[in-house]
Amino acid sequence: MSQSSLARLLRLKGELNIDFIESAALRDNPLGDPSNRPIAIYLPASYDPQGSKRYPVLYCLHGYTGDVAAIISARPWETNAVQWIDRLIAERKMPPAILVIVDGFTRLGGSQYMNSIHNGNYADYVIDEVIAHVDGTYRTIPSEGGRGVLGKSSGGFGSLYLCMTRPGVFGAFASHSGDSYFTYAHPPAFPALHRTLEKFDWNIRAFVEHFEEQHKRQMPEYQTIEMLGYAAAYSPRTAKAFDLDLPVDRKTGQIVEEVFARWRAYDPADMCAQKKAELERLRLRYLDCGRRDEYGLDVGARVFTQRVRDLGLKVVHEEFEDDHRNVGYRYAVSMPLLANVLEKE
Amino acid sequence: MSQSSLARLLRLKGELNIDFIESAALRDNPLGDPSNRPIAIYLPASYDPQGSKRYPVLYCLHGYTGDVAAIISARPWETNAVQWIDRLIAERKMPPAILVIVDGFTRLGGSQYMNSIHNGNYADYVIDEVIAHVDGTYRTIPSEGGRGVLGKSSGGFGSLYLCMTRPGVFGAFASHSGDSYFTYAHPPAFPALHRTLEKFDWNIRAFVEHFEEQHKRQMPEYQTIEMLGYAAAYSPRTAKAFDLDLPVDRKTGQIVEEVFARWRAYDPADMCAQKKAELERLRLRYLDCGRRDEYGLDVGARVFTQRVRDLGLKVVHEEFEDDHRNVGYRYAVSMPLLANVLEKE
Amino acid sequence: MSQSSLARLLRLKGELNIDFIESAALRDNPLGDPSNRPIAIYLPASYDPQGSKRYPVLYCLHGYTGDVAAIISARPWETNAVQWIDRLIAERKMPPAILVIVDGFTRLGGSQYMNSIHNGNYADYVIDEVIAHVDGTYRTIPSEGGRGVLGKSSGGFGSLYLCMTRPGVFGAFASHSGDSYFTYAHPPAFPALHRTLEKFDWNIRAFVEHFEEQHKRQMPEYQTIEMLGYAAAYSPRTAKAFDLDLPVDRKTGQIVEEVFARWRAYDPADMCAQKKAELERLRLRYLDCGRRDEYGLDVGARVFTQRVRDLGLKVVHEEFEDDHRNVGYRYAVSMPLLANVLEKE
Amino acid sequence: MSQSSLARLLRLKGELNIDFIESAALRDNPLGDPSNRPIAIYLPASYDPQGSKRYPVLYCLHGYTGDVAAIISARPWETNAVQWIDRLIAERKMPPAILVIVDGFTRLGGSQYMNSIHNGNYADYVIDEVIAHVDGTYRTIPSEGGRGVLGKSSGGFGSLYLCMTRPGVFGAFASHSGDSYFTYAHPPAFPALHRTLEKFDWNIRAFVEHFEEQHKRQMPEYQTIEMLGYAAAYSPRTAKAFDLDLPVDRKTGQIVEEVFARWRAYDPADMCAQKKAELERLRLRYLDCGRRDEYGLDVGARVFTQRVRDLGLKVVHEEFEDDHRNVGYRYAVSMPLLANVLEKE
């Protein structure tokens, strides 16, 4: 069977499909994001749709401001997630596996892969719909032991969050520079949130439309939309678009502790202590982070790791000398580890 | 006819094909780059392969470090060249046209779309092979009046260069922040070239392999590979890989004037004065550049413009307040201008 | 009387003296900083040591990493605090006043003008010794109503802190971008503190000696010494050099809440609510901050302002479009306000 | 004799005087800069004005945007030129010497220590007036063999320039990151010069007044005033303030070769080949530069060095891993070398 032009363009040995699913979980979401969503499915070179062999599946969750198109984007001298797995399999550094890129983008930059009255039910969509589609369409090992989940930044968060709240779905996770220990990660952006929205007279919609219309944006604008994205996931007020509880006081800009406490209720560094059963059933718990991470997520990974080890569970924890950007080369560590613990035929 | 999944992923109304051609012009090129090359072809929504209507074609040349995959990459809140033309046509800001993305990447980052004993004959490949493939495969207006060429940075250079050296092929050009007036554009990177290669004992191959193997590179390394890329186009020594004449003296780092003169022989700001006939036959000569361009290419566009106007020819010249990065929004100006002057059916 | 060469060098119309005092409060301080300290005293042009006229005094507290020599440093096209008051008086934008620059530097970059078992008693030194020297040496109005205190950054903090803890000394304060609301100001540097000291195996002395020996330092090193400076002021462990309680957990890097609570006990944004009597007796409470302050001190100034207004007291609060650096031009606002409310003869 | 307060403030073992001279060479200069100029004179601890011992003198020329006040400015954790010589003498790394800081500042940021119809005769002022004052006031060795000259950036240029054009005055020079090989150093700033002045409709005075009035300036504004400063030294048009020939074409921004040739006539890298006699009589020719110098002055130092060596003369040439900023620690190399070759009593 001849390769798709997309797979050739990316110089893959395997195949890359882009499927689309119509999500019931996202239907009529308040924010107005499409319920028809792309999924990218990488199939290893040995994959034979007519054959009998089944493959484990790695679900890859993109980070905040990412989507399927961005993840499969390729640049000279760079290697994206799909190119990594293709290369690792070709070099026999890992057994063949399917890689699925899930789309969790919203108009505010990302859903955190959570159910939200404001965004729609992205956790349901991933767990109930994406997986059903993949298992229904491809020759997968359609069980907990045949599925791993991984991602970077907010994708790492999603991996941790879904494993802790939807036990029995994934058998292992890898979190690269994943959001954890919100105490360091988010408050540094709160002053930017406050300053920017004050300029827009606290009209979030007006800010978002302004943001979308610009050719270029300044750092405080990116920080602002990011904090709005997290508020939409962690502290929505109602199911009305842009109706969010914000973690900053309008008058002074100081933290509104009640709201930030709602954010922290989803902080993996905190959640994990209550999730022993969910974490214990996993075959691999992997986290890494660059030791210069601009959001202090190296500390977040350390806190998560220690607390899970305090539960008596093993964690594979690595650090490296780098910052938060462009750490896709860490897939060369995580993907083989994941593939090796998952069931194979 | 149903859209390809790639077109859907990019949310296009039109279609996006990725074709591959086996180039005779690039066969066995010394640098070892593939002779099998992708071409991206955007077809407007109204395009009917069974119909009789033919369309003008805009040939889009990517910049240095770009390739077809990079150009069609999409990111949230950004609009790539293909998405721009699709949107402009949908909003009736320009008549339907085909957009073709040409691949001119080399191991040294880019060919400048020139024939080179060192890189291969990229000008021949574009002019003789890409255009033949497009005209032979799609319902184009297969004549000078039906073709425009545009690009940014080195892609702008390529547009100027091909129009001036291959008259009769394109009927119009648009150069966005195109390389011009090398006196400003390139010497600021020469010290980095000198310092870096000195560390590698002037072993260019060793540097390039080091460059390719790294996860991340520093600015001087990017400047070095860029200067090597230009040397491969402007001042190759022989048809042996990495055998280049460099514009810097090994001992001191000062400019080697004889070599830099070979570079400047291709400077559009200089060439244009001798290319009246070639430029005169064009229906549109369009240049723009941001007035904060880090390479001084705004001056380059002004010099080119003045010299061509001194020949008695009209030039559409625009400036805007921006730097060299992410100026794709300028396609909203250039694409309609090009499409409007080209022949239509 | 002829001007000093220093005053001429700074192109002052007034005079600038550098006095030295031997401080009992700083004698044998554990950190080993000198107890002999410089004081810079600016005298307006009209000041006559033989005359009978007395002047109000503005005490200027430098910021973290500053000292007397740094504050009186002059650069072309810049105006330092001494040059500002000289110019404002010459332009009749404020009545004549004496300006005193107090030295609060320590080996860890600054004392915060507090008493500390680790650093020495800098508050006592300022209040008991510097003021006594100035009142004893110059023709001042030697009373609360004749003294104002101002400063930027940690100097703003010192102004707030001394007014709230040593009532009856100063009659007014101006805090420019002063440390307040530590929740935003300090935790963003905690990961750097953790990463750096981990490299030094938590040997603070070894880090400090390394820091001092380098020709140039990186940002994380500056952040580290800064956090050590604050720990020496807010959370010293004993009166032994470098024996500090740090606000980060050695193993994970997370915040040690008990320690950070000791820091926050000195947060002006929190302290002020308990200091109504101390604040009420002031003639002027002035704060300003740039609305792009990198440490979120604009929020700190807002929180302080609101809480003091909630006590029923007036606060002059201004914001401006700038960041934390080089905001000396704000003295053009604060110095006249201070001089106008202080007693004059 | 007790130390001055300034010397104590800088923690010197020696003494620091600030003298002022009324310069005939600068009287009524067109730019309106003061003819009364400060000179800072550092005297080593062993210097005895009543004694008979005489000392060699190092003349230190500040860089562009510097002046005497800036050079003697002190900051915690930093060591200025005066503090360096004091420390080197105290640590017996060099024999005692006098250090003189010469003031060459102009309203356009610096005179390059040259005579200019536009700025005034700064070379005459240094050679005829400053040296006369120093030799007449202090116990110097008042001869070529007792004088060295050194400086950084434009101060390095000045050292080279004065040694090559005023033979017999200095017996040695040290140029740190000195301006040389203008081909790399200056054209990168020409686009900024063009863009900025175009906004001011080529009214240089209006730009300069705007520059002076701002609290903060952007990089292109600094580049612009710097290029104006060089034009005032290298290519003045008349003796009227701001009447300069600029090296950029008003219409396009391209280099005006006739003007830039006038600049290059003063390029040490070019001048040196004609100055064998002047260079030969020197006891030490020392240059160094950081190998990441933003202006490519490392290449400039290499070119100068090679060309002087080609004359058959020795040059001490060093490189180090750093950029153009804050390289004062190189005085620890240059000052002992200079002091050791100069005459001593």
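Just so it is clear, A, B, C and D label the chains in written order, and each chain counts residues from 1 on its own.
Here is the rule we use: contacts are C-beta pairs under 8 Å (C-beta built on N, C-alpha and C of every residue); 3 or more make two chains touch, one makes a residue touch a chain.
These numbers were taken from a predicted model, which means no experiment stands behind them.
Visitor: Where the centre means the average of the CA atoms, what chain is farthest from subunit C?
Guide: Here the answer is chain B, farthest from subunit C.
Visitor: In whole angstrom, how far does the Cα centroid of subunit C sit from the Cα centroid of subunit D?
Guide: 35
Visitor: Need the CA-centroid distance for the pair subunit A / subunit C, whole Å please.
Guide: Those two chain centres are 45 Å apart.
Visitor: Express in whole angstrom the distance between the two chain centres, defined as the mean CA positions of subunit B and subunit C.
Guide: 56
Visitor: Provide the list of subunit D residues touching at least two other chains, using ranges where the numbers run on.
Guide: Touching at least two other chains: none.
Visitor: With touch defined as at the top, which chains are paired up in contact here?
Guide: Touching chain pairs, listed by label, come out as A-B, A-C, B-D, C-D.
Visitor: Within the complex, which stretch of subunit A touches subunit C?
Guide: 181, 183-184, 187-188, 190-191, 194-195, 220, 251-255, 269, 291-293, 296, 298-299, 302-303, 306
Visitor: Subunit C touches which residues of subunit D in the complex?
Guide: On the subunit D side, the touching residues are 5-6, 8-10, 17-20, 38, 65-70, 73-77, 105, 109, 211-212, 215-217, 322, 326, 329.
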